[in-house]
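Next, two complexes with chain A in common: one pairs it with chain B, the other with chain C.
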Partner chain A sequence: MSEVAVKRRSAQRTSLWGWLLALPTAWMVAFFVSSMAIIVLLSFGRTTNDGYPVFATSTANYRAIWNEVYLELFLRSLTYAVATVVISVLIAYPVAYTIALHGGRYKNALIAAIVVPFFASYLVRMYAWKALLSDDGLVNSGLRHSGLTDGVTFLNTPYAVVGGLVYGFVVFTILPVYASLERLDTSLIEAGKDLYHSPMRTFFTVTLPATRAGLYGGVLLVFLPALGDFVSAQLLGGANTYMMGNLVQQQFAEGQNWPLGSALTVGMMAALTVLMVAYLRATSTQRRES
Partner chain B sequence: MATRRLERKPALAVAMTAVFFAWLYLPILAVALFSFNDKKSLSAFSGFSLRWYDDLVHNSALLDSLIASLKIATVSTVGSLVFGTMLALGLERVTSRRGRVIGAVTLLPLVTPEIVTGVAALLLFTGIGLKLSMTTVILAEITFSIAYVTVIVRGRLAGIAGEVEEAARDLGCTPFQAVRLVTLPTLLPALIGAGLLVFALVFDDFVLAFFTTGVDPQPLPVRVYSSIRFGVSPAINAIGTLMLLASALLIVAALWVPRLFHRGTSSLDLITGGDPR
Partner chain C sequence: MTRRPGLELPRPTRRGLLAGGLALGASMTLPGCAYIRDDAPTDAPLPESAKAEIDGDLVYFNWADYLAPSVVKGFEQEYGVKVIESNYDSMEGMYAKLAAGNQYDVVFPIAKWVVKLRQEGKVRQIDHDQLENAHQVFYSGSYFNNPWYDAGSKVSIPFTVYKTGIGWRTDRVSSMTGSWKDLWNDEARGHIFTLDDQDEALAMAALLLGYDVNTADPSELGDIKDLLISQKDYLRAYSSDDINNMMSGDAWVHHMWSGDVLYLRQGLADDPTTFDFEAPSEGVPINSDTYVIPTNAKHPGTAMVFIDYLLRPENAIKNMHYLYYPFPVKDALPAFAELAKDVPACNVEISDLENENVFRLLSAEETQRRAAVWTEVKAS
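Right, the complex of A and B next:
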């Protein structure tokens, strides 16, 4: 094939691929990018006397969210999200390790058995916990029958909310950790065991560093939805366990202060962006090292 | 020696895995069990009955919601499949800087908390004067689902060498024909898998639907949510059981269909990041 023909063909191809990109890109700009722009713009807006949101150039909303009540709520959300991440990692490693290294021919079936319920209705699964933990639920009736206690109030506690978040999102930690454990060269673990004679030391000096990429991915993927969640706190918790998501939801669905809600959302996104950048930094240094 | 040592199962990890599976399934199975209870209790099973399911089929508001959700999921699946596939094809072959920027932007919905996407969509639709309805839910769901399709289809595309298209071109195909006759048929398993996954995700999606839906008919998860807020009841157990069962079947199909085409692979590899072959 002559050079000219190759050039012509690649030019033709580029134009086809360019056209294929154009429509979906236009769609994403129209419905996603622009919606993000509107939320940023409205965060500087205000509500009129009869309650309509209008664009403006005031920083009043940001000053309004910089107060004790909102900061406390932000800290609480952060605490719940971090707790969710820690518990998810503590669950993900043993589960992923067992399946990836000792699952044998049932590996795929076991992972599917985790994935299937997790991708099925988040809402129904949160409801399932509510039903199980409620005062007349199965757990409490079991406790009463055993005669140990008259029943324990599980709902409306931080434990219930964090438990719900873990139950809702732990799969996002398990999958990346599983993927990197599966790719791990098992002779590394063997060498580690020969060197250190302790499974724990082997895990912390060999397995964990070698699966860092999966760990980072898993941490990020569970942190993002946990920080923005409002369903767990709404169904399993109460007003004293509300998270940022509940605050945002209230401003839009109940309180009807959209500009304030927008400022809260932008604040949440800003916090997440900082964490994302930190994550990308961490993974890119790792790539350079290896 | 070394291999035998690895074969010895770490007892603690295995035990934790067993507990994890129990914890994962216990609440779901309890919901299913008490949906067949003939009394209202959620802790004492007094007898088998289908009365709560009977209530469901006579609840016309709920049936309207079910139909609305089915419509939303169908249209959103088709829409996101079309856009997502176009995007995947374009991104895989355009390697310019512009292509990379577009690629990054289209993946943003995956890393944006759903509440942010939902609230932003609500502002956009109200801003441009679009009345909240089933249409607005569909627009939001398509926007959100394109990224899923793109990721899955790109994973499969990376496994198909560009030479196949090249060969079709040498045999006289136009670029468009090469894609239609050669690339798309090879993508079929990935497209079916992605379609089933997106259908299940959209059908079950609560957060986006909650912010973008109009008053009537509400999508099924939104209606279920408002009844859950009032408390737990066997009727919710019944609808919840059906919803879990329906999406479980869809996800199982999404994982299995690609296997029928290529033995030894499944879209599980795509979800877990395994090597696409």
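Right, the complex of A and C next:
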């Protein structure tokens, strides 16, 4: 093939891609960028006396979010989200590893068995947890029958909230880790073993680095929704487990303060962007080093 | 979301969901620009009443499962129309959908939202002469001839009434005193729930302090905040899912709605005496749900017929046995008194309605000031 033909074909490909990109771009502008723009604009807005949010040029909402109580909430949410990520990774990696490397012909069935329950609404699953973990629920009845304890207070604790978040989002870690383990060339692991590495060392020097990308993705996919979630704290939480998501949700509902809710949203996005940039930089340097 | 008496696992109640997870739906369905406007109309002229004549199928907009299905089915059969049901999970969500121009024939707002809808001309007048059973709620001396939220009952017909008090497990707690102080009961420490509802929580503390339930006074709100924060040592959680919290054993003492206690006792419990209810002596909030017909309803005639049908005492009684809240329908009142005879505190008397502990429509600034206090309480 001549050089010209190759060039022409690649030019054609570029323009085809351009066209293919038009639709998603239009979609994102119409539904994502525009709604984000409304939130940003509204964060400078105010509420009329009749309760209607209107656009304005006030910075009062940003001054209002600079509040000690909100900062504490942010730190609490951050702690819950980090705990959720750590637990999710500890659960997801072994599960994904076992299925990808030892699942054999049951691989797809096993993945389906993990994914299908997640088709049920998150909310319904939270209610199921409530039924299971309440003081007179199935788990506590079982514990009492076994004579081990007189019952444990599971519900309305920070543990229940984090547990709910893990249960809600762990699949988002399992899938990307599974995908990268699936693609892993198992001969690398054998090579590691041939070089007299212990299984442990092989795992940390060969397997883990090779699946880093999936793991990093899985971490983000759990961290972000966990940080903004309000359902788990609402249904499983107690008097002291209020999260940022609850705070924002309250402004849009009972609080009748959309502009403040918008400012909180923008503030949280800004904080998250800083965290994400730091995370992405750290992980990409690590990747380059390895 | 169903609510059927006798079901083994109690489902969340509609009020439970008011503040519950389904608020997720509400916040997602809030429309964008349609709701953002600078020229909110006030005291618009009220659109004329429709005639009570069937003019199409009924598009019905209510809390999920908030009428006995047999009553709805009866209406379909008797009048040969279909009832197309839509649900909301919060008053804010209901209002946002109406404001966005969605068309419904009959809606069930809580009293203070009637004030707002009427002010903005979003609801039609309802001519009492068109309703055969109007005398069941509008009779000489009836509170509802001129309720605080709708002068002259021009746009609304009363649906249910209820009060907020304290429910408790008699098998766990024996030291109730008939005061809102019982929400600080040492015996139930760690098993006490306060409703996750801004108005209700602030009202409970306000009544204990001797303030108006609608107070937006900064110093009074400061006292309310301190009092509510002091309660956190005793609290298990803020939740409006009162029925489930009581059934599951998590709650021993629960800030709760009168009808939910009755539902627990009569509809769910093996032994009704396990649950009791008190209306604290400092006073209790009283509220009403109503029927209204939106201005842009497509079938206001069918809506009139439907409301008239629901006012029939036999239908009110069927609904009461399903919802366990009293309906202010004259000939149905004895049946409710019978239903609530072992816990008369669950009943709502005329004297309760006149006590003025009602949640009024406040200005946005006042609502926001109250919201800020409630947020700080929950967040601290």
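In the analysis below, the second predicted complex is superposed on the first by the 234 of 290 C-alpha atoms of A that agree within 3 Å, B and C clash if a C-alpha of one lies under 4 Å from a C-alpha of the other, contacts with A are read in each partner's own complex, and residues count from 1 in each chain.
Methods note: contacts are C-beta pairs under 8 Å (C-beta built on N, C-alpha and C of every residue); 3 or more make two chains touch, one makes a residue touch a chain.
These numbers come from a predicted model, not from an experiment.
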item: Overlay on chain A: chain C relative to chain B, clash or fit; value: clash
item: Chain B versus chain C as contact partner of A:V231, first or second or both or neither; value: both
item: Contacts of A:S134 with chain B and chain C, given as first, second, both or neither; value: both
item: Chain B versus chain C as contact partner of A:S35, first or second or both or neither; value: both
item: First, second, both or neither for A:Q249, with chain B first and chain C second; value: both
item: Partner chain in contact with A:N156 - chain B first, chain C second, else both or neither; value: second
item: First, second, both or neither for A:L123, with chain B first and chain C second; value: both
item: Chain A: partner with more touched residues, chain B or chain C; value: B
item: Partner chain in contact with A:L280 - chain B first, chain C second, else both or neither; value: neither
item: Contacts of A:N257 with chain B and chain C, given as first, second, both or neither; value: second
item: Of the stretches 3-11, 129-137, 147-155 or 165-173 belonging to chain B, the one that collides with chain C; value: 129-137
item: Interface residues of chain A shared between complexes with chain B and chain C; value: 35, 38, 42, 123, 126-127, 130-131, 134, 136-137, 230-231, 234-235, 249, 252-253
item: Partner chain A, residues of chain B touching it in the complex; value: 2-3, 5-7, 9-10, 12-14, 16-17, 20-21, 23-28, 30-31, 34, 41-44, 83-84, 86-87, 89-91, 93-94, 99, 102, 105-106, 108-109, 111-117, 119-124, 127, 139-140, 142-143, 146, 169, 175-176, 179, 197, 200-201, 204, 206-207, 210-211, 221, 224-225, 228-229, 232, 236-237, 240, 243-244, 247-248, 251-252, 255, 266, 268, 271-274
item: Of all residues in chain C, those that touch chain A in their complex; value: 9, 12, 19-24, 26-27, 30, 32-33, 35-38, 40, 42, 90, 92, 116, 120, 190, 196-198, 232, 235-238, 241, 244, 248-250, 363-365, 367-368, 371-372, 374-376, 378-380
item: Residues of chain A touching chain B in the complex; value: 9, 12-14, 16-18, 20-21, 23-25, 27-28, 31-36, 38-39, 42, 91, 93-95, 97-99, 101-102, 108, 111-117, 119-132, 134, 136-138, 140-142, 167, 175-176, 178-179, 182, 186-187, 189-190, 193-194, 199, 220, 224-225, 227-231, 234-235, 245, 248-249, 252-253, 258, 261-262, 265, 268-269, 272, 276
item: Chain C contact footprint on chain A (complex, rising order); value: 35, 38, 42, 47-55, 69-70, 72-73, 123, 126-127, 130-131, 134-137, 153, 155-156, 230-231, 234-235, 237-240, 242, 246-247, 249-257, 260
